[in-house]
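Each chain carries a letter (A, B, C and D) given by its place in the written order, and its residues are counted from 1.
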Amino acid sequence: MTNELRIAVLGVGMMGADHVARISSKIAGARVAVVNDYFTEKAEELAASIPGARVVNDPIDAIADPEVDAVLLATPGPTHEKQLLACLEYGKPVMCEKPLTTDVETSLAVVKAEAELGKKLIQVGFMRRFDNEYADLKALIDSGDIGRPLVVHCAHRNPAVPPHFDSAMIVKDSLVHEVDVTRFLLDEEITTVQIITPSANTNAPAGLKDPQIAIFTTETGRHVDAEVFVTTGVAYEVRTEVVAEGGSAMIGLDVGLVRKSAPGTWGGTITPSFKERFGQAYDTEIQRWVDAVRSGAETGNYVDGPGAWDGYAAAAVCEAGVKSLESGAPVAVDMVPRSSIPGA
Amino acid sequence: MTNELRIAVLGVGMMGADHVARISSKIAGARVAVVNDYFTEKAEELAASIPGARVVNDPIDAIADPEVDAVLLATPGPTHEKQLLACLEYGKPVMCEKPLTTDVETSLAVVKAEAELGKKLIQVGFMRRFDNEYADLKALIDSGDIGRPLVVHCAHRNPAVPPHFDSAMIVKDSLVHEVDVTRFLLDEEITTVQIITPSANTNAPAGLKDPQIAIFTTETGRHVDAEVFVTTGVAYEVRTEVVAEGGSAMIGLDVGLVRKSAPGTWGGTITPSFKERFGQAYDTEIQRWVDAVRSGAETGNYVDGPGAWDGYAAAAVCEAGVKSLESGAPVAVDMVPRSSIPGA
Amino acid sequence: MTNELRIAVLGVGMMGADHVARISSKIAGARVAVVNDYFTEKAEELAASIPGARVVNDPIDAIADPEVDAVLLATPGPTHEKQLLACLEYGKPVMCEKPLTTDVETSLAVVKAEAELGKKLIQVGFMRRFDNEYADLKALIDSGDIGRPLVVHCAHRNPAVPPHFDSAMIVKDSLVHEVDVTRFLLDEEITTVQIITPSANTNAPAGLKDPQIAIFTTETGRHVDAEVFVTTGVAYEVRTEVVAEGGSAMIGLDVGLVRKSAPGTWGGTITPSFKERFGQAYDTEIQRWVDAVRSGAETGNYVDGPGAWDGYAAAAVCEAGVKSLESGAPVAVDMVPRSSIPGA
Amino acid sequence: MTNELRIAVLGVGMMGADHVARISSKIAGARVAVVNDYFTEKAEELAASIPGARVVNDPIDAIADPEVDAVLLATPGPTHEKQLLACLEYGKPVMCEKPLTTDVETSLAVVKAEAELGKKLIQVGFMRRFDNEYADLKALIDSGDIGRPLVVHCAHRNPAVPPHFDSAMIVKDSLVHEVDVTRFLLDEEITTVQIITPSANTNAPAGLKDPQIAIFTTETGRHVDAEVFVTTGVAYEVRTEVVAEGGSAMIGLDVGLVRKSAPGTWGGTITPSFKERFGQAYDTEIQRWVDAVRSGAETGNYVDGPGAWDGYAAAAVCEAGVKSLESGAPVAVDMVPRSSIPGA
């Protein structure tokens, strides 16, 4: 497919609206073609801000729409089953925010329906698999360099949660990420779960069992523990340490992946080249330049960054530098005053 | 402008080819419409891999092309002056890789030509201004929280350079980034430059004065020193520390911005929410899903990430978790075997 | 007491011999007066190397010796009960390496005997309480600045253990430190213990259940988990994180205590003055100078560090520096050649 | 020499008084025998607090005293020359706080006098050579593992200085440490010095040129730069980075020595065993126990740390742990209440 992917976004609450903005401003090769929400006004308002987007009021109609190539599902969990089955029926690839569905039976039904179709169309939004640090950790495990993982420690902390958040949601909405991380990193299923509820945070809403400690055992008897603490009052922290037979590695300390290995060393890898170090900078530079030029057609301001004057100033300083390189002595920089060039 | 920006990329060596890939795979709202290079074959080969791109053999023709909205200049420095002036002539916004031009006089001529036009069309590729860490450092300075900067220390290290790299190129190609960083962070011009050449690295090519130490003085008498060392054999390292009247801050230690402030504390800011922590993950998730779906039209594989089975497994574990939350005891996870569902 | 404390060291295996060296070379106000060991030759050899030390063959005689002010017990655990009771009988303060005794009943008997005496004479060698990082962590908790601790995570890793080390010793010899750390930090007793034995390290000796995960619950329902892993092959690592109602703090990351607190900051405290930063350097400087002077009475070498020449060289450089401070220009350092002064 | 070294401390201002306390409470094998100060009362007061110390009013008499084995000189710099020469005359080893003397000529005279004596008696108080981090850095350089050092970057920051501190003292009192560090690390003399005075800190006292940047060149042409900034208002920071032909290493980041080496790795060494990790804890434990026992002769309190109850509690928890190790289930800890044993 060489054309832009036309996506229908169903559900434009916080997550859905975020995805609409993401697709419109950061993702190459795709655009939001259809917006749908239970609250029509919200959909209308959002669609109005996205060139080429229109509202379709019924979610199944949006899925079935022939001008829609793929679906992003950010609707409430209870509607997922029906909408996923519609995606399968209409053969539309679908990116479904977690949970797949709200219970095990309907999840299994969706798995079976897709299996019968013989074509994988459903992706679930466990985004941590795409995080650079988790990807590095997974790659380290898969490389075999630290040997077989035996134990995994996780911490998952939020500063606060909305008022309706209850003890079971800590499991289903928060811990669920550690469930997927465990399965992703260890490549095996979890066989038993234990939830420990220590003395609760007195700053948590009354009745909320927070923090919780989860203990997972996996098929080959590995141990995973996860602290989930959603009312820390501090900030957002996600940390995972894998302890393996030949070393250990931790992510989430704000320093990338830190590995400890025999014989007694700790450390990480330095960025090998400017491409890795400044890749984000290049991406941002070009995206913002494109955005500035596109909006500049109307405003006349085509530049969002260093301009010709900055290039001239750099040239003047470097020229002085090359002279000093020869003499070793300080050299004055020779520049015309900026004010001498009106408009510069 | 609601349509995609049609960009002509001039010069498709390492940097230019990188930008072509970037625009095609990561940048929203733009596409490579024209490819140009002195080596026609290289341009042909690259254009063939980019849907909708074509080759224009003459760079000035490419700039003038009515189907081109903007120009990305990645040609050799000596051709920049002529090509930039053509962009001004045809009113095309241009993103020009450093240097603006190869000497001060022609740089000044370009500044003047743009100033006379009365419209800013030229941006120079000093990408560090768009790096998150430099942006954080600039924002910290501008906030006034650490007071007026007095001293800046920079280190800029490369593992190796190409054979033709000479001592003056250390100034013009490497140090030039510290020149722009200094001007960006301190918001004033550099007035004197001194280059110190210590005892050279014996692993450097014969005759290359490496490392070099640059000392800059700025308009208000602030001090900047920069070590540029391009044959370290280690890795790519860029570090900048700003020492101000009310504290100091450093970037490039692989831990984000680290700030030291009165009364005797060091530290940084924890990611406030999952949006900041996993923003990159969400972007990558959606981009890779879009790419998978687009290519899936041909291959039938629409999924690049966790699928329905993963959603089902998570639901089963969470259900066991909620039961354990009630009982406190370990609960076995109840799942059908994956092999019982052919195609799952 | 203004005189030196005369200590009897009982048991001079690895720990005991270490303590003998420590008391003789680092501890002010004390000396090893008596050495005792089941292997008389080992005691004789060690005593011969310590000025003023003599051997007493029977441990009870050593305790009773009127020229002994205090006892350091580093004998095997099974002998502790009898020796501790002797210390109580003779009124000798005793520093007892862990364990107090080898079972609960005899430990309780020792507690009761000391309580009946009405005088505290026994200290147990839980040395972590004296570690600067643990002391900082305890002080932070006691300050109330991070609120009430809810959860504690510990990791305790050794590269290897001796051949006779069995699964129960992981609890009694290794985990025992986390037991004391928990009681020390939380100031309450542990009420339940659970030991989880995940899939074992295949590099561990056959039959050794390693790693082990311990779960403690304390009197007020706080949760502590501790990974003990004694065959990592990597190095020695001890880490403790306290998660409290108002923030969290971790030690053992090789960066001192790192604290995370509202509103979203992480960091530590910078050394306030040279006294803290270089306190260890001053101590070492003076101890090594004292040692050099004491041994110099025989060897004629009284200096272990920078000498007069280094003081002269510093003076010469600083004089040049002061001249440059006035002129701003580089100033040559004026020094006579060292070879011009024979013997300098 | 098997007896304690009897030290005369001359000058008991801040540094001298610190050394008196250090020798009395932390240094094995030495004691303060004589105290001398220009202000007799200060000397009397201090001597009264140190068992076995007495005052000698004339500094030369103190040096000559036959009951004095060695001298610690912490008097003002201008008196050093005369006192050092007296030490040489009477053959007394002397530890001299910096500076050796206050100018180059008298420093050279002292060097010559000692050389003529044919016996090294003088040590200068450049304590950084004894700092663990600097010692690690020196050892790394000497090992050859990072190759030949080419460039050294230093930062030396104080929060504040006393009112009389002037611009030249920044060189002579602060920068002098970087002078010695340079000579220590590179093992060669400094040949030229340049002091750069950027725009001064507006929070510094009027007229104080602070910060200052020093540039040193050494005999083989290596480059050292040092920022000295004595009115930061923040805290005490000392940092040194050595950039060598095969890698670089930095100390002073509060994380020990961090090394970057080919092929692109950063990191440090993990503590190999509990001896290194808890060496300080053992030292402190024993010193505080000795201190407690010594003072306990008067107060009856012989214990400064975990007591018999803590040993009993640990035994009870470990016994429960061993039971849980067998069953895998949580086991209640069986302990008598502490209150059931009066006096425990």
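The rule is short, and it goes like this: a residue touches a chain if its C-beta (ideal position, glycine included) is under 8 Å from a C-beta of that chain, and two chains touch if they have at least 3 such contacts.
Given the structure is predicted, the values throughout are model-derived calculations rather than measurements.
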item: Same-site or different-site touching of chain A by its copy chain B, using the half cut; value: same
item: Reference chain A; chain at largest CA-centroid distance; value: D
item: Which of C-D and B-D has more C-beta pairs touching across its chains; value: C-D
item: Gap in Å, rounded to a whole number, between the CA centres of chain C and chain B; value: 48
item: For chain C paired with chain D, centre-to-centre distance based on mean C-alpha positions, whole Å; value: 20
item: Centre distance in Å when chain B and chain D are each reduced to the mean of their C-alpha atoms; value: 44
item: Sites on chain C at which at least two other chains make contact; value: 159, 196, 215, 217, 234-235, 237, 254, 260, 264-266, 268-272
item: Residues of chain D that touch chain B when the two form their complex; value: 147-148, 150-151, 153, 155, 157, 159, 196, 198-203, 211, 213, 215, 217, 220-223, 225, 227, 229, 232-235, 237, 243, 245-248, 253-254, 260-266
